[in-house]
Amino acid sequence: MKLQTPVIIVNFKTYLESTGQRALELAKNAEKASKETGVTIIVAPQFVDIARIAEAVEIPVFAQHIDPIKPGSSTGHILAEAIKEVGAVGTLINHAERQLKLSEIEANIGITREKGLISCVCANNPNTSAGVAAMHPDIVSFEPPELIGTGIAVSKAQPQIVTNTVNLVRKVNADVTILCGAGVSQAEDVSVALKLGTQGVLVASGIVKAKDQYSILRAFAEAAKR
Amino acid sequence: MKLQTPVIIVNFKTYLESTGQRALELAKNAEKASKETGVTIIVAPQFVDIARIAEAVEIPVFAQHIDPIKPGSSTGHILAEAIKEVGAVGTLINHAERQLKLSEIEANIGITREKGLISCVCANNPNTSAGVAAMHPDIVSFEPPELIGTGIAVSKAQPQIVTNTVNLVRKVNADVTILCGAGVSQAEDVSVALKLGTQGVLVASGIVKAKDQYSILRAFAEAAKR
Amino acid sequence: MKLQTPVIIVNFKTYLESTGQRALELAKNAEKASKETGVTIIVAPQFVDIARIAEAVEIPVFAQHIDPIKPGSSTGHILAEAIKEVGAVGTLINHAERQLKLSEIEANIGITREKGLISCVCANNPNTSAGVAAMHPDIVSFEPPELIGTGIAVSKAQPQIVTNTVNLVRKVNADVTILCGAGVSQAEDVSVALKLGTQGVLVASGIVKAKDQYSILRAFAEAAKR
Amino acid sequence: MKLQTPVIIVNFKTYLESTGQRALELAKNAEKASKETGVTIIVAPQFVDIARIAEAVEIPVFAQHIDPIKPGSSTGHILAEAIKEVGAVGTLINHAERQLKLSEIEANIGITREKGLISCVCANNPNTSAGVAAMHPDIVSFEPPELIGTGIAVSKAQPQIVTNTVNLVRKVNADVTILCGAGVSQAEDVSVALKLGTQGVLVASGIVKAKDQYSILRAFAEAAKR
């Protein structure tokens, strides 16, 4: 599966505004904005909500995490085969809020490749982004943790760091899709991110906590198109 | 919510035999055995499978784990509110394969109480079982990790340890439901467990990997009734 | 080895004020205050400083943590045998800043007992304190994490919680030594802690960051004597 | 500080044969073999033994791990400043037995650079080795975990994997020192490792568990010279 860029990934996290019934509504709004604009919007709901959302929408659904396990005795863990069977086509890996050991990240990249899932590995700075890119995931997403949830977009607050990340990543990997995230809350943040050399954004509270989730999604998608 | 004892909890773990469609079938077999015998059988499928199973069966559905988090910024974690919204009525906590810090176990017990979920906290030996019981969960389940998945039941292989666990637990907690697990694979293992003072069993591979899951479930339930 | 109560444990943490040469000086001041007052003062320096301090002072030296391991292939971990060989006579376990899984805490208690080391297991609230006490360490130390490092003593700010902890602990364990900590910064905090039923305090920044470490230690010891 | 290659790093792990007094003896044997051959031999003892060994020998002493922390409230953790003050000149990072999150590895590399310590980051396969190398530590050490402690050297059992690792690492980093480890137990394993493009070996049980530690060390150093 190959994603068409630019890409907007909406991380539902564990907000009540994106849990259960409200997760389904958010996913449908994402689907609507994606269809109207032609821009790829991916939704990443909580595990328990994946099945229903994947059934209800045609846009790609990601898990927020998988564990580097084989089927078997792993109570309470997330099996790639299981998220795939309910309709997920990819997964976030190593999000700042669900960080993994280096060997686990690499094992997860291998598992996603083997199972035909798309891997989006998160990294917290230019160096770790390069480290991730050297292990050849499908997507690397750069998010400075200090900006997550602030509404201050990395693309606006720290444009040089985004440029630096893109440069370091490209030195070790010519093909990987590069996203940036953290604080993305305005359409302009999206267009700036793309101008700086990324292929899209990873966004959470900027959409989830918005009063009118659809309008923001639509505005983000419009900005990504330009 | 109050469970009627004896109780059989079937932990689906991450076996392929209990993933997706096959998880649904196993849950239906558990429901059938429970209805036919009147014995409480709880199923604990993977997170992604909870919603569909909870919709399809009338027996209690547990999660295999929850995280001690509040709604919000916890990408990739398991929110009590989310598992409850899709129909889970309880959760395993601190399974040997998903162990938690002491403070996380206690926080999870508090969360389940607050959200009206049933807590089943696992412990690996008599001392930790007493430690868990002193924190007043609904259920404490004792499982010696060296026997998990072996087919050698703790109730038969180490009856004194089960008795010892029951005694230590009762010293600090008169009310908690006590289960034992690890290696439970024959109906006799269930009846011995009850004779040793427990109120039921936690079982996984003994059911999940069985050729005829329904027959074993039915036999376990019959053994629990006597 | 049996400690005489009351007990003051000084946790050096990883403050620069209690690293290396300055750790040695603090330990000597603790020894002086202990000898002058007859009150047991234990120092818990960083691992690398244990050997030199244990050689230089006669008061008990604790490690800040041990790992629940056997000798062998555990690179980067803390072996009970190794801290004992350099002169430690006990260890903190499960400090709020170095929390362990339940089974690890219990394994560590077993290891300390087997090796003749004193175990001081930390807990963050009354329930976890009871949980710890039910596993029979030598000492349980109750520290509400939200007060650690604040200078607001738990004994003064939350006296009912200390009383509640003492009551819950005594229900499951008649013998364990009970300490409280977090925010202990004035001599009065020590005497209040003892009046509330504890046998001493666990203190860190209140001593380590003090301008005159000796004077505060001396005042704490005097307060503990009364 | 710049190390002269080839390099042999002896990881003492937590073996009793390399704890306390016996750690000191092993370090002296390593010093002797190093002086006699001119080959750089680094010893990595347990934390509690660093001070005495660093005082007693002139060869470089490494810690087995550091935590990515600043001085302060990190009870039970390993502070770079503290290991440096007692004489360590570098540290292993992310050993297979003490693995770290990606962001922690990168933070540790930054800390070692800032504090003038040498960083040796371990990785479990060619991909993770490349990932590590892209973050620019001083040394990357490749160790397939399945061979650790087996006596079957990676350089002999899996020469293509070593070559592959060297190639992937060199693609992203022209300067980093490359070591390999796991199962290194014979002098020939060392010379083969060097022929495959590495600049040395990381060895543990092959030396520590040897009857005559000095002779093996000497033979390894001779093999490295050729």
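Think of it as A, B, C and D in the order they're written, each chain with its own count starting at 1.
Everything that follows uses one rule, which is that contacts are C-beta pairs under 8 Å (C-beta built on N, C-alpha and C of every residue); 3 or more make two chains touch, one makes a residue touch a chain.
Just so we're clear, the structure is a prediction, and the values are computed from it rather than from any experiment.
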Worksheet entry | Chain copies touching (subunit B, subunit C) - same or different residues, decided at half shared | same
Worksheet item: In terms of CA centroid distance, which chain is the most far removed from subunit D?
Response: B
Worksheet item: Using CA atom averages as chain centres, what separation in Å is found between subunit B and subunit D?
Response: 44
Practice prompt. Calculate how many whole Å lie between the centre of subunit B and the centre of subunit C, each centre taken as the average of the chain's C-alpha atoms.
Written response: 36
Fill in: Where subunit A and subunit B are represented by their mean Cα positions, the distance between them in whole Å
34
Worksheet, complete the sentence: Shared-interface residues of subunit B (touching two or more other chains) are 96
Discussion item. Is the chain-to-chain touch network here best called a line, a ring, a star, complete, or other?
Written reply: ring
Worksheet item: Which positions of subunit B touch subunit C when the two form their complex?
Response: 94, 96, 99-103, 105-106, 109, 123-125, 127-128, 130-136, 168, 171-172
Worksheet entry | subunit C contact footprint on subunit D (complex, rising order) | 11, 13-16, 19-21, 46-52, 64-65, 69, 71-79, 81-83, 85-86, 92, 95-98, 148-149, 204-205
